Every structure is written in structure tokens, then in C-alpha cells.
Amino acid sequence: MSALLLIEQALNGLQYGVMLFVMAAGLTLVFGVMGLINLAHGSLYMVGAFACAAVAAATGSFWLGLAASLAAAAAAGALVELTVIRRLYARDHLDQVLATFALILVFSEGTRWLFGSFPLYLDIPAGLSGPVTLPGGLDYPLYRLVLIGIGLAIAGGLFWLIGHTRLGIRIRAGEADREMIAALGVDISRLYTAVFALGAALAGLAGALVGALQSVQVGMGEPVLILAFVVIVIGGIGSIKGAFVGALLVGMTDTLGRFLLPAAFGHIMDPSSATSVGAALASMLIYILMAGVLVVRPGGLYGRA
Amino acid sequence: MIREGLLNTLLMLGLLAVPLIAQAMGEPFVITLATKVAILALAGVGLNVALGLGGMVSLGHAAFFGIGGYAMGILAAPVQAYEPLMTWPIEVPGTKSMPVIWAAAMAAGALAALAIGALSLRTAGVYFIMITLAFGQMLFYFAISWPAYGGEDGLSIYVRNGFPGLNTLDPIQFFALAFGLLALALLFAHLLARSRFGLALQGARQNPARVAALGIRPYTLRLTAFVISGAITALAGALFADLNRFVSPAMLSWQTSGEIMVFVILGGVGRLFGPVAGAALFILLEHWLGGVSDYWKLFLGLILLAIVLFARGGMIGALAGRQVAHD
Amino acid sequence: MTDPVLAVHDLSVAFGALKAVDRVSLDLRPGEIHALIGPNGAGKSTLIGLIAGGLRPASGRITFLGRDITRRDTAARARMGLARSFQVSSVAPDFTVLQNVTLAVEGAQGRAYGFFMPALSDRSLTDRAAQHIARVGLLNRVAVPAGDLAHGERRRLEVAMALAQHPKAFLLDEPMAGLGPDGAREFTQILDELRHEAPILLVEHDMDAVFRLADRISVLVYGRVVASGGVAEIRANPEVQRAYLGDETLP
Amino acid sequence: MAGFKTLAAGLCALALATAAQAEPLKVGMITTLSGGGASLGIDTRDGFMLAVKQAGNPDLEVVIEDDQRKPDIAVQLADKMIQSEKVDVLTGIVWSNLAMAVVPAATAQGKFYLSTNAAPSALAGKGCNPNYFSVSYQNDNLHEAAGAYAAKAGISKAFIMAPNYPAGQDSLAGFKRFYEGEVVGEVYTQLGQTDYAGEIAQIRASGADGVFIFLPGGMGISFVKQYADSGVGLPLIGPAFSFEQSIIQAMGDAALGVLNGANWSPDLGNDANQTFVTSFQEEYGRLPSVYASYGYDTANLLLSAMGKADVKDADAFRAALKEADFASVRGDFAFGPTNHPVQDLYVREVVRMGDILTNRIVGTAMEDRGNAYEGECEM
């Protein structure tokens, strides 16, 4: 196989990884700050994609849609936090799992009620469609390069937010000691709403950005949610840095595994069963990666445990 | 408020009475529904050993449920094709005998739980939830893409497996089997909770450091409980596959894990009969709401949400009040 | 002089740059109470954790009953007869007093895997548990959940659990913290009797109790043993006076 | 929606058995009305109910239930319909895996099953049954059409791709059965996969001059959008499932020009089809899909058999079904020896007509095609 193909696959893995990061960042923040496990995070991803598709269809502008996705997901997140999630902070993980599982049902069927059962149309914005030629002669879709850029910018922004802003200081303090931050006079419930809405907005943004490449339909959030779980378990729950490293690892492993494993099996068996067996193994690869990481570090790569 | 014991008795009598009445009235489908309740409750009893007694929030029990189902399919499918199960190194025939299938399903479930538990129990809390979920997904994708046992199409057996002395094709007789196993499992779970092992396990749920300081390893306790839990859930899986005469990767999906957990929590975590109440309510809601609206899951979600937010301790908790310490 | 029951040799552990325990050596001899004192943050609880097994040392050895236990886990050490109490009360809060102590008896018997052996209707377990509960004067509270006990009662429950282990040595981490003067006096009495069961390594801030109970005292400051000896010797040690006791006059 | 539900008499699990009445033919439709694949089931139902409404036959009673695309639910609904509702005929299942779970048991109990879509090879070959009729096709047919036509469309080196599950494996086998060119790349993707950048890179590197895909539902939408954006630009061909009326709107212009093998198209000129397309649009405000056309044909087949025989006389009713004496929207329609259609297979192209995207026939791939499994069936 050519070096060009490998580079293209590595770019694909990177693009997949950074989008997973945007998704996983909110999940890991919400867990780190509030100690909440949120299964409905995937639903916020779906809300973002639907909001973007609906607004883009009505106005003809992808960018308005993107803004709408941020607003809609943040609003949905804040609403859910105020009505449901805040009653769950003091509960054990079990109640959190059940309540957010119920939220998935409500979001999915609610969306189906509003938008119908048919997939929505959402396309890449006109200026970003089509491939560009990279140095070395590789044709690569411009939009995917933009996604990589946006993802890295969000990662940089989050690191800055956590490290250098008042909100970040409160978030880190909140992780360390809830009582202390309350004693400092910070309105903890407003902080929680803000963090939850921030995580929701990131999920919604990821949904809209990826939705332009994929099918915008009910149920699109759950597979991504489970991948995001794998990411933050690998990285260490609560760690933004861990989520970033974990997301890139998962993105690369999955993309390269799907491509290299069938080829590798092709050397030892006939092509048809090689592709089938290789694909079967590739689909399990990230879970094997996760198990491997946990054997060595039960708290994840950057976990506190 | 009703005493919990009385409530449990009423629950079991109700589950027994509904199919008998249905039989008398010629409504075999209601018997099928009651059988489904009994089987899903059995899966919940399995999960409750890990969740209620051991405090292990497993979101991957569909793995064991599905493994039980596939144990049934893999053992029974060769019989209807008149082929041996395996020919190398020795020829082993398949089987249509339920007791053999149950034993195989429980062994397979226990083995899988041993492997998954050994890795997952190195972690705790939210990590454990996510890891069990991920292991479940791993098996799910494997089952879909591995071509040998039907992949996503699953495995069909056309005739339900047999049990000595019973006609399992008769809905009421198959119900009796499922109900009997559920009762046995409940008895087992009851004895387990009151046993030395149960005491240590519940101690480890509340305070693992203290239990270790008393000379008992929490990890080993939990792993043992997880294996028992996996075996019971796998038994339920084998029965469920027999109920449908069909097994597919859908049994391994994470929604199945979520639903098994919903039965347990709906009924009341750590309550012996919680899964029975939970499964009964869930099936009732599914069939009642399903008839009302295409969007019935929306209402199911809202009802679940209301129960978890406002009826802590599940149904049995709401009806019987605070759990008394073990007598 | 008899062989020590428990001995630590050159034990060290660090958390990042902080050397929490720095080349500590000490021992515990049959029949004695060896008190470990020092200011907050001196590393006393860390040392107890290292000996009990919750923490792994970076270097050094721990021997118990003549055997090297450095690499054994908490449960194995406990089964050998090392009983501990925790600085913050550590019991199973939903369990009753009887359940807590029965669990300790079960652990001591090493038979926690009886799947069909009922625990609380087994007189061989509960009778023994009741004896230990009686020893600490909680017999009228057997059916109360541990979470509902008063602070002092929970402290005594912990002692009953430690007793149930038939220990060869006790590791007690501030057993009298928060007890108040009357409670402390009563508890001092209990500990004084306890030494006849097995020697005690006692971490304690209550100096009255320490000077009344201890046969030997070691002083830990910044992770190091700065002085070790008999009660009078430590009272008189100028370095101890300066480093630990400051200007306070000793009683 | 709720209107259909009310047709399901005695739906409540604990309801009394319905009182005896004049015996009409009762048909139970199990299809996917909620969750991810609901659009296919809704089209099936709407097509079927359109024909029922047009016929206005009071002796036909329809019970509709949602299988949620879950095999175990489908099995229980089939049990319920057979045991409690006492239906005579079952129909409506969209997915092969659900069909495999329901059909063998239903036909073993002497019920008729008319397939509106899924027709897996196992039910066409060894597992065939005289009471099982596929009105739609045999699963391989549309892939065969694509394979037979690919060389004519100038694809001499094909890169072929499907999800790694039985229908996907059957699909690639079906394509290769009549394809006369060379297969230069064969890839199985994960079921439910949403990102195809890796596969597109392999296509680019493979030296192929055309691509065959079988990616139903959302998978196809994702692939086609990403493929168009990648600039690879090789001709794309697939079975109709990936380029259906409900799906291509979500693909947008990315789908324009894609070829797909089909046995029906809205622009087929026969009278029955023109009536169907017009009345479907009037009734539901959208263009019908192949699923709607299969549902419509199935209902009309059933109505034609009802006019000839009583369903209680199974042999007579089976013979009446086999005659297929109805005006199919596909034009000529006949059942082959194993109760699967013998029909012309076409290739369609996705085109834009005004605001919407739709399909138009560009050629005939195969004439009077039966299926590859007739030899395995002992009926």
C-alpha cells in the first residue's frame, strides 16, 4: 500500500478523533465537576444536528444552522439541567443512569414527533465542499480539514478556559471540593447549569458539524455516546487532556484498524473471509484497546484514581 | 403502606394467576406475556445479585443475557439441521434438551462474567458502569459481524426445546417452567443475601476498606457475585431465546442492558422481588402505551423519569416504605 | 527481651515531592502499648496505612509474627491477626451492630464463601459476636444500624470488630478523637484492658491518655521518628519539647 | 396513526376474547413504525392501506403493530396475532432478520405470510414454504440487477462494499453473480457505521472505475454525502434500497446520477402504477417509495385472492394467491415455482424533478428474472 493512502487514513483518524473529543469533552466535564453520568449526552448531539438541519433548510445558510445548533443544544442542556439533572447530583450513579436513560427515550421520540421519521437533509456549506490538493499530491476533502481545525481550536479553547479563566478556576475548584467552592460564595447551582450547558453546546456543535457529513436521523447519538464513553474511560474520567488523548487514540485505532486488519488477514486466508473476519475484529478493536489500557491503568491514562 | 412480605406474596400470586385465568379464557398470548415477565424478572434477579447485594452497577448484563440466548441457539440449531455440533476433536451432537441447554448457558454466562468481571472490577463507580457497557458493545458487534451463527439475522429454531415430561409448546406449560425457575432463583437469592457470603458482600458494598481490614478481599467477593449474577442472567437469556424460538444480536444490545436495569430499579434496588415488580410494570406499560400511540416510548420515558425522581426505592419502596435492615 | 510482634524497617513512602514517611523503623512488643504521637501531617495515619496494607511503601520492610508481610495485601495481613481501626469511623452503616461484628467474626474464621450457610441465624457466629459486643458495652444496642449510633458508640463498635478478629496486634488510629472528656476516660479503660489481648500501636492526640497508657512513645515529625523511648524519657526530651510540644507545658 | 391502531380490536392484553362475528379475512401487519427504521415501515403501511382503502372491501380486516425493529418484539407480536387476534395472514416485515424470526414459525402454524420486502435466501431455498409468498423480490434480485448492468454502464473494474452482516454478504454475492467485469476491491463495513472516510480512501487507491455499494438507510446517506465531497467521482451503483424516495432527499444533490437496480420506479408507464403514484401523493402528500409500492401490490394480491377463495380453505386460497391475478404496479407480475416473483429488473438513475429528487428508469438489466435459490427449495 502506498504512503499516500496511509497519510490519508491518518488524517481520517485525526478528523474522527477530534470530533469524538468535542463530544467527549462535555461528558467528561460534567462528570468531573458534578459527578454525574449522563447517558443523554448523545441526545444533545442529535438535538444539535436536527437544529442545524432545520435552520439550514429554512434559511439556506449552514452557518446560521450551526449557530442554531449551539443555541438549541445549550438551551436543551440548560432546560434539562434545571428540570431533571439537578435533582440527580445527590443521587447515586444508579439513579443517574436510569433517569438519563429515560431522557434518551424522551428526546428520541420527541424529536421523531417533531421532525418525523425520515432523515433530514443537511449538506456541507458550499464554500467548503469538494477536495483540495495537499502537498504531496493528496486530494483530501476541505470540509474534513476544517473539522480538524475546528476540533483543535475547541481543544485549545477548552484548555485555555480550564487553565486561565475564572470559570475554569471555579470548575477546577468544584472538582476538588464542592463545599469549598460553596464557601467561596460562588453560586454553585449556576455554575453547574453553566457547565452542563457548555457540555451540551459542545455535543450539539459536534452533532451539527458531523451531521453535514452523515445522516441526520433519530438515534444518531447513541453509537457516538458509547464511543465517547470509551474515550473518557481510556483518558481518565474528568480529565480534558485525557479525553483529548483518548479521542485521538480511539479515532486512529478505529480508522487504521478497519483498513489494516482485513489487509493483514488477507495474507493468511482467502480475500472474502479475510474481509469479513478482519471487519469483525476491527469492530471490537477499540474495546480491546480500552481493556488493555485498564489492565495497565485502572483509572485511565490521566485519571486521578 | 403494606408489609413488604405481603406485597411480594401478592405479586407472585398475581403473576401466577394471570396466565391461569388467561388459559381458562382462551387467551394464550397473555400467557406468553406473563412468561416474558417471568423470564425478564429472572434476568433482573441475576442483575440484582450484582447490583443490589454487591453494589456493582453493571450496564453490560445484556452480554450474559445474549450469551445464554446464543448457548441455546448454538446447541439447538444443529439438531434441526441434522448435523453434529462439532466434529473435532470429538463428535459432539447438539441438543434440544432444556436442562442441558440451561446448564451450558449458565456455564457460558459464568465464564464470560469471570473474564469481564476480572477486568472491570479493577475499577469502580462510573468507570465500572462504562466498562461493562463497552464490553457488552464489544460482544454485540462481534455477534453481528461473525458469520458462523447467523450474524444480524440471528438463529431460528422452529420448534421449542424439550423438557422431560412436559409439552413445552403449550404456553401454560412453558410458563410453568419459567415461573418455577424464577421462584428457584428468588429462593437462591434470598438464601444468598442471608448467607455468610451475602453478609460479606453487602459489607463490601457499604465499606470495602473495612471488609478488607477484616481479612476478606472485596475484589474476590465481588467477582464471585458477578459470576453468579452472570450465570443467572444467562439462564434467563436461554429461556428468553426459547420463548421466541429465536436468538439474535438484539439480545446483546445496550438497550437490553438498560432495560434489565430498569426492571431492577423500577421495582426497587436490593429488594428481592423488585425485578418481578419492575418487569411486570415494564411489560404492562409497553403493551398498554404501545396501543395508545406510535410515540409510546416518549411516555414510557416520562413515566420512568417520574418514578426515579419522585418514587425513590422503586414500586416496592413506594408501597412498602423504607427498607428495614436485614432481620 | 522477647521478639517484637510487629516491626517496620526503614519504611518510606512519598506523595509527589512530599516524603510522608521517611525511613521509619519501629517495633511493637508483646503486651505493650506503643504510642505514636506527632503534630498533624506528621505521617502517623500514613504509617498505619502502610502497616495495615492500604498503601504500598516505596522502600523498607514490614515483618509481622516473624514473617515479611511487605508484599501481602490488606486482607492477608488481617487474616494473620493484624486488626485496625480507622481515623474516621469505618463501619458498614446500613448494618446493625450485630451484623458488623458478625462480619468480623466471619472474616476471622476465614469462611466468607458459604453461599448457603446462613450468617445471622448461625449461633456459632452470633454468640461470639455478642461476647465481643458485651466487652465494649453495646449489648443494648445490637439491633441498631451502625449509621444511627452516636459517635462514641461507633468507636466502641470498631473495637468490638477488632476484638472479633482475635488479633495478634492492634493498629488503632486516634480511637478517642471527638469523644469528649468522659468518653475518653471510659475509652482509656477499655484500651488498658485491650493490651492483655494483644499489643497496641496507638496513634493518639489525647496526651492524658497517651501518658497514662503507653509503655513506649515514638514521636513522628515530618515523616521521621525524632525520638523514641519510655514515657518519662520522652517527657524530658528537649527536642520533643521543642519540635512537637512547643511551649505547652506537659502535664 | 391512532386510527389504524383502533382497528386492532382487543389490543389490550387483558381484554376479553372478541365475540364471534361474520368471518372476514384478518391480516396482521407487523412492521417498523418507531425508532431508526420507521420510515420504511410507514411507507409499507401507507402503501398497503391505500390499496385497502381503494378496494373498500368490508371483509378485509387489518391489524397493525409496531415491531420497533426488534426481532423478539416481532416474534411476540406474531404470537399475539396468531394466538389472540386469530389472523389468517401475516405481512409487513421490513427487515430480513425479523423475517427470519417470524416467518418459519408462522408458516409452520399454517398461516400465510406475504412478504412486502424482506426475502432472505434461506426462505427462498432450503427454508421455503408453500404458505410463504414474497411479493417484493428475492433479496439478491436488486443486487443482481446492479451487477448485470454495471458492465453495460462502463464499470469494468468495480470496488464493492457492504456492511458485515448476512444481508451484506448476500448482497456482494448477488452483485458478483452476473457482473462481467473485475472486482478490484471488496470491503465489509461495520453495521451502522457513519463515517466512510477510510473506505473512500481505499476506493481512491484501488484503481477501480466504478463503485457498488449496499448501504441501507442512514449508512447510505452518510456514504453518498461523503463520497460526493471526496471528489473521487467514479460512477456509483447500488440496489434501490440505498436510493429510495425517503432517503435521497436527505442526500441532496450528492445523489444525482447514481444508478440503482430496482424492480419498480415511479415513472413506470403502466396504468396501475400511474394511478398508484397519483393517489399516493394525494393521500399522503409525498412520492411513494419501493416499500410503498410493495405494500400496495401485496394488498392488491391479497384482495384478488379473497375474491377467488375463502382463506379457511388453505389449498384453494394458496392457489388463488399463486395466480397473482391483480394489476401490479410493476406491470407484468407472476410467481415462480417457489412463490417468489418472476419479473423484469431495471436500473434507475437519481434525477431532480423540480424541488424534489426522484428516480427514473434508464435501462432494463434483466428480463423475467426469478432467483438463484429455486434449486434448493423442495416444495
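Just so it is clear, A, B, C and D label the chains in written order, and each chain counts residues from 1 on its own.
Going forward, a contact is a pair of C-beta atoms (placed from the backbone, for glycine too) under 8 Å apart; a residue touches a chain by one contact, two chains touch by 3 or more.
Everything numeric in this text was worked out from a predicted model, so none of it was measured.
Fewest steps needed to get from chain A to chain D, stepping only to touching chains, is 1. Among the other chains, C has the CA centre that is most remote from the centre of chain D.
The distance from the centre of chain B to the centre of chain C, each centre being the mean of the chain's C-alpha atoms, comes to 44 Å. A separation of 31 Å divides the Cα centre of chain A from that of chain B.
With centres set at the average Cα position, the gap from chain C to chain D is 74 Å. Centre-to-centre separation of chain B and chain D, using mean CA positions: 35 Å. Each of the following residues of chain B touches two or more other chains: 141, 144-145, 147, 295-297.
The set of chain A residues touching two or more other chains comprises 108-109, 112, 276, 279-280, 283. Chain pairs that touch one another are A-B, A-D, B-C, B-D.
Every residue of chain D that touches chain B in the complex is listed here, in rising order: 1-2, 5, 8, 11-14, 16-17, 33-34, 65-66, 70-72, 75-76, 79-80, 83-84, 96-97, 100-101, 104-105, 108, 120, 122, 164-167, 169, 188, 190-191.
Contacts from chain A toward chain D in the complex involve residues 1-2, 4-5, 8-9, 12, 15-16, 108-109, 112, 117-124, 129-131, 139, 141, 143-144, 210, 212-220, 223, 255, 258-259, 262, 271-272, 275-276, 279-280, 282-283.
Contacts from chain B toward chain C in the complex involve residues 191-192, 194-200, 202-203, 206-207, 209-217, 221, 224, 325-327. Here chain C touches chain B in the complex through residues 52-54, 73-76, 78-79, 83-84, 86, 90-96, 99-100, 102-104, 106-108, 110-122, 125, 143, 145, 161, 165, going by the rule given at the top. Within the complex, the chain B residues that touch chain D are 18, 25-30, 32-33, 36, 141, 144-145, 147, 150-154, 156, 158, 171, 240, 244-246, 248, 250-251, 284, 287-288, 290-297.
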